[in-house]
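We just call them A, B, C and D in the order they show up, numbering each chain from 1.
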Amino acid sequence: MSTLLEVSQVSAGYRDVQILWDVSLRVGDGESVAVLGANGVGKSTLLKTMAGLLRPIRGRIRWKNQDITRVDPAARVRLGMCLVPEGKRLFVGMTVRENLLMGAFARRNGVEVRRDLERVLILFPALRDKLHRIAGTLSGGEQQMCAIGRGLMAGPRLLFLDELSSGLAPAVTEALLEAVAEINGQGVAVVMVEQDVMAVLSHAHRAYLIEGGRIVMEGKSADLLANPLIKKNYLAL
Amino acid sequence: MLTLELLINGMLLGGLYACVAVSFSLIWGVMNLINLAHGTMIVLGAYVSFMLFRAFGLDPFLSIPVAAVTLFLLGYALQRFVINLVVKGSVFMTLILTFGFNLLLVNALLAIFTADTRALTPSYAGLGVAFGDIRISYVRLGVFAFALALTYLLNLFLGHTRMGQAIKATSFDQEAAQLVGVRIRDIFSLTFAIGAALAGASGPLLGMLHSFSPVVGGTLTMKAFVVVVLGGLGSVPGAVLGGLTLGVVEHLSTLVLGSGYQDAISFLSLLVILILRPTGFLGKKFYAELKA
Amino acid sequence: MDVKTARFDTHVWEERRASARRAVSWVLLVVAAVSLLAAPYALSAYWVRVLTTIFMYGALASAINIIAGFTGYPAFGHVVFFGVGAYTAALAIARWGWSFWPGTVLAAAVCGGFGAIAGLPLLRLRGHYFAVATLGMNEATRALVENFGFTGGGTGVILPSLRGSIREINALFLVLMLGVLAAVVGFSYWLSRSRFGYGCRAIRYDEEAAAHCGIPTTRYKVAAWTISASFTGTIGAIYAYWLGYIEPSVVFDMNIAVKFFVMMLLGGAGTVFGPLLGAVLVEGIGILSWSRFLTFHSAVFGLIIVAVIILLPGGLADLASHRFSLRSLLRNVQENRV
Amino acid sequence: MAGTSLLEVRGVSKWFGGVRALDDVSFHLAPGEILGLIGPNGAGKTTLINIVSGNLRASSGAMWFRGQAIAGLAPHRIAGLGIARSFQISKAFLGMTVEENVLVGALFGTSNGRSGDRKRDVYKILCLLGLEARRRDRVHALNVADRKKVDLGRSLAMKPQVLLLDELMAGLNPVELEALFGLLREINHQGVGLIVIEHVMRVIVSLCHRVIVLHQGQKIADGPPVQVMHNQRVIEAYLGAKYQQSTAGRGGLTS
C-alpha cells in the first residue's frame, strides 16, 4: 500500500506554547487510521498542522512524497486532503444544500459535483428532505452528517474526522462510524481523531496513541484493544 | 399633508441609507471590521462624479459605474496590501487603522478639491411629479430606484454566484471556509473591494440629494452604523428595513424638533437600539466578542 | 506539605530589589516635576504651551487608560466627557459667574454622574458595539449641544479673559495640567496595585471568570468608567478655561479622541506610565511634522497611526517586555495578518 | 432535607429554546464529601455546574448552600458565599502572571484577611501546585495542563467550602494525575466538598465517595462508584449498546 501522507518529527504549538513534540505518523492509500488520546493532549493541534491551518515549528509533512509543510489549507484541499473540523463548524446561516455545495468550492467539474452530491444523499438519506433547511436548525447528528457530507463533496483521497462522537449519543456515533467505514470502503483513506476509544478502534485498521503531545504507542487496532495499559486508562474499566 | 410628504421623502432618503449601510454591513459581517473611512469613500465617489460632470457634463446617474470601478480598485488594493496585515488584530487596531486611513483620504480630497461644498445638479433637477399637492422630484425617485437596485444586485451576487457564496460562508466561519478551499486573503480583498465599489456608487446618489465637502464622511459612517445595527448585522433585507426606518424617523422628527436635530435623532436612536436590542430586526447574534 | 524555606528567601530578596527600583523611579519623578515647574520662567511662551499640551494629552491618555487599558472596554468616543467637562465649566464660569475651582469641580461631578448613568446600560455591550456606542454618544451629545439655546448653540461660549501677564498665565496652566496629569498617573499607580485594580484587570482578560472569582463586575466596570469620565471632564474644564472660547466641533472632535487613544496604545494599554510615554512621543512627532509639512499635517498623523498599528499592535510596553528586535516586530505582523 | 447537607439541589430543569438540557435533577453534597459527576458527552454535566455556580439560571427548581437559598444569585455573590469552580477549557487571566491569577482569587474569595498573610497564602498555594518556579511568567506562556493548575490555584485561594472541578484531569500524564489525586484528597481533608466532572473512569472510581450519572439531562444513578459502574442502566446509556455485544462476545472487559 503506497504512502499517502507522511508526518516526520513534527513539533508544533501556538505563540509561546509548544504542544506537539517530534510526532511522526503515516497514512497509507485507502487505509483507516485512528489517533487516540484524552482531551488537551494535542490531537486537534496535530490535525490542524496536517490540514495546514497551523505551521509546524520543526519537521516535515509529505503528500505522495511531495513536501507540503508550508502549503496553505486551500491548496491542500485541492491536493485531496479534507478536514471535517471538531464541533461540525457548518455555515449555520446557509441551507444544507449550500453547505454541501460549498464543500465542492475547489472543484470546477459540475458533472462530478452533482454525482458526488447524489452519493452523499445516498450515504445520508436523512439529509435528502432537509436540503433547503437552514443548517443551524438541524439536530446534532444531522449536522454531523452534513459536515461529513461537506467534506466528501471536495472529492478527497484522505478525509480527517475530528471528534466525531462529541456531543452525540453512542447510538448516533455508531451509525456515523458505519457510514465512514463505507466511505473508506470506496477507497477514501480516513484519519479519525477520537476520545471515544472503544467505538473508533473497532473501525480503524491502525491506531496511534498520544499523551502530552507525544506518540506513546502505535500498532494494529486489535493489538491496542488487547493492550493492558489501554484497557486500564482508556477503556474505562 | 406635510406629514405624508415627509413620510415619502423620508422613505426615499431611506433607500439611499440602505444602500450606504449594506456595503458597510458586508465588510463588518465578513471580516468583523468597522470601516471608519466608509463615509469618506462615498464622498470620494461623489467627487469622481463631480469631476466627470464638470469636465464632460456627464449625467451623475451615468457616472455611477465609473465611481464604482474607481473605488473597487482602491478598495482591493487597500485591503490586499494594508488591512490584511492587521485584520486579525483586536477591535482597537482595526478601528484606529481605518480612522488613520480616513484622515489621509479627507486631507487628499481637501488638497485636490478644497473645502468648498459641492453639489450635483443634473438638468432635470428641478422637475418632479405631483400627487395632489405632494411634489416628489425625479432625482429623489431616481436615487431611490438606483439605491434599491444596487442593494438587490448585491443580494443577488451573494446568493447566486460562486464567489458570493464563498463570501457568505467566510462570514459564518473563516476557518471552515479555508477547509473547503477558500483563500481567505482573496475573499477579504474581494469583499472590501465590493463594499468600496458600492460605497463609490452611492457617492453620485448622495451628491444629487445633499451638498457635500471632503469632511462630511464621518456623519455618513455613523448613519451606516445606525442602519446596520437597526436592521441587524449581515442581513441585506435588514439593512433595507433599517435604512427606510431611519429615513422616516429623521424626517418625521423635523416636525417635532425642527430640522437641526436630524443627526442627534439618528445617534440617539442608535443608543436606544444598542441597549434594547443589539441584534436589530433580522441580524445574526450580535458580534460582541472582543478580540484580545 | 512543607514549604521549602530556601525558596521562600529568594522570594523575599526579589521583593527587596523591586522596591529599590521603585524608590529610584519616584526620585526621578520628583526631579522631573521640580525642573518642569521652573520651565515657564526658563522657556519661551511657545515651548511652555507645547509642554502644557503634552501634559494635557498625557493626562487624557492616562484617563482613558483606566477604562480602555486596565478594564479592557474600548471607549472610543471618550472625548464626549472632555466636551461635557469643558462646557459645564465654561457655562458655570461665563453664565453663572462661578470662579474656576467650583466650575471645575462641577465639571468633574457632572461627567462622573453622566458616566455612571450612561455606564449601566452601555457597559453591557462589548467589542465593536461598545466602541461605536460611545462614538454615537459623542456625536449625539455634540448635535444636542449645537442645537440647544442655553449652550450657545453653534456659536460656542466665551469665557471671561484672565488677568495677569502672559508668563503668569502660561505658568498657571502648566501647573494646572501638570497637577491633573500627576493626579491621573498617581491614581493609575494605585490602581495597578490595589484590589480594585486587580478586579478591573481580571474583567479585561476574562469577565466571566472574574465574576466567578467573586468580583462584582458591573459595579467595577461602572466605577472605572465614572472615574475615567470625571478625570477627562476635569481636563476639559481646564482646557476651556485655558482657551477662553469653546465650540462643539472643537471639544467634541473625534480627532482628539483617536489621538489620545493612539497615545495609550502606542505607550502600552494597561500600564501606569505607558500612556504618558505615548503622549510625549505622538505629540513630539506631531510638532515635528507640523513644522515640516504644514498642509499635510493631519495626513502625516494619519500615516503615523497606520504605521503604529501595523508594526506595534501591543504598544511600546509590549516591546519592552520582549527583547526589542526586528524579529519580534515581524512576529507581531505575522500574527495578525491573513 | 436542606439542613445538614453542604449543597442541596432539588428538581432543577433547564431548557435551551426547544431543547431540554436538564430534566428535574436533584442531588446533595455532604460536608467533606467528594462527589463524581459522569455521563456521556452532551448529558448536561457542564450545564448543571453552570447552574450551581450561577453562570446560568435554572428554568425551574431550587438550590440551597448550607441552608441558604442560592438559586438566581449572581455568580460573584455565589462565589462570595464559598462556591468556587474551575472551567472545562481553562479561563485563567492570560495577560497576568501566574502569581497575580492566584492573588485575584485570594483578594475576592470568601477570605478578607490582611494583605500580609494573603501574600503568604498565595505563595503556599503556588508551592502546593508546583507553580512557584514560574510565578512571574504570564499565563499565556503555559501549556494546557499548567493553565488548569492556575485555575485550581485561583479557586483554592478563594478559601471555598465547595469546589466544582470540570475535567481537571484532562491532558495530564499518569505522574501528574497521581500528584493531583494527593492534592485533592488533602484539600478534601481540610473540609472542602468537591464535585468532580471526569471522563477517565479510573479517576472517578479511586477518588470519589459517591457518583451521580447524567444521561440526556436526567439523573439515572446515584451511589458508591463500584455499585454505579455495574448498574445496568448506566452501562447501557453511558458505554453504548455496542459495548454490550463486544463485552458479551469476549467475556467482558469489566475487571
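Rule of thumb we're sticking to: a residue touches a chain if its C-beta (ideal position, glycine included) is under 8 Å from a C-beta of that chain, and two chains touch if they have at least 3 such contacts.
All values reported here derive from a predicted model rather than from experimental measurement.
J.: What are the mutual neighbours of chain B and chain D in this structure?
T.: Touching chain B as well as chain D, we find A, C.
J.: Farthest chain from chain D, going by mean C-alpha coordinates, please.
T.: Between chain D and every other chain, the largest centroid distance is to B.
J.: Can you identify which chains form the pair with the largest number of contacting C-beta pairs?
T.: B-C
J.: Round to the nearest whole Å and give the separation of the Cα centres of chain A and chain D.
T.: The computed centroid separation for chain A versus chain D comes out at 31 Å.
J.: Measuring from the mean C-alpha position of chain A to the mean C-alpha position of chain C, what distance in angstrom results?
T.: 50
J.: Please work out the Cα centroid separation of chain C and chain D, and write it as a whole number of Å.
T.: Computed value for the inter-centroid distance: 42 Å.
J.: Taking the mean of the CA coordinates per chain, how far is chain A from chain B in Å?
T.: 42
J.: Where in chain A do residues touch two or more other chains at once?
T.: Where chain A meets two or more other chains at a single residue, that happens at 15.
J.: Could you list the positions in chain C whose residues touch two or more of the other chains?
T.: Within chain C, residues 205, 335 contact more than one other chain.
J.: Pull out every residue in chain D that's touching 2 or more other chains.
T.: Within chain D, the residues that touch at least two other chains are 94-95.
J.: Assign the assembly's chain-to-chain touch graph to one of these shapes: line, ring, star, complete, other.
T.: Contact pattern: a closed ring, each chain touching exactly two others.
J.: Pairs of chains that touch, anyone?
T.: A-B, A-D, B-C, C-D
J.: For the complex, which residues does chain C have touching chain B?
T.: Counting only chain C, the residues touching chain B are 68, 72, 74, 76, 121-122, 124-129, 131-133, 135-137, 139-140, 143-144, 146-147, 205, 254-255, 258, 261-262, 265, 269, 295-296, 298-299, 301-306, 309-310, 313, 333, 335-338.
J.: For chain A, which residues are in contact with chain B within the complex?
T.: 51, 53, 72-74, 77-78, 82-83, 85, 89-94, 98, 101-106, 150, 154
J.: Spell out the residues on chain D that touch chain A in their complex, using ranges where they run on.
T.: Per the stated touch rule, the residues are 40-42, 140-145, 167, 169-171, 173-174, 199-202, 216, 229, 239-243, 246, 253-255.
J.: Applying the document's contact rule, which stretches of chain C touch chain D when the two form their complex?
T.: Against chain D, chain C makes touches at 1, 3-4, 7-8, 11, 195, 198-199, 201-202, 204-206, 208-217, 270.
J.: For chain B, which residues are in contact with chain C within the complex?
T.: 28, 32, 34, 82, 84-93, 95-97, 99-104, 106-108, 111, 184-185, 188, 218-219, 222, 225-226, 229, 258, 260-261, 263-264, 267-268, 270-271, 274-275, 278, 286-292
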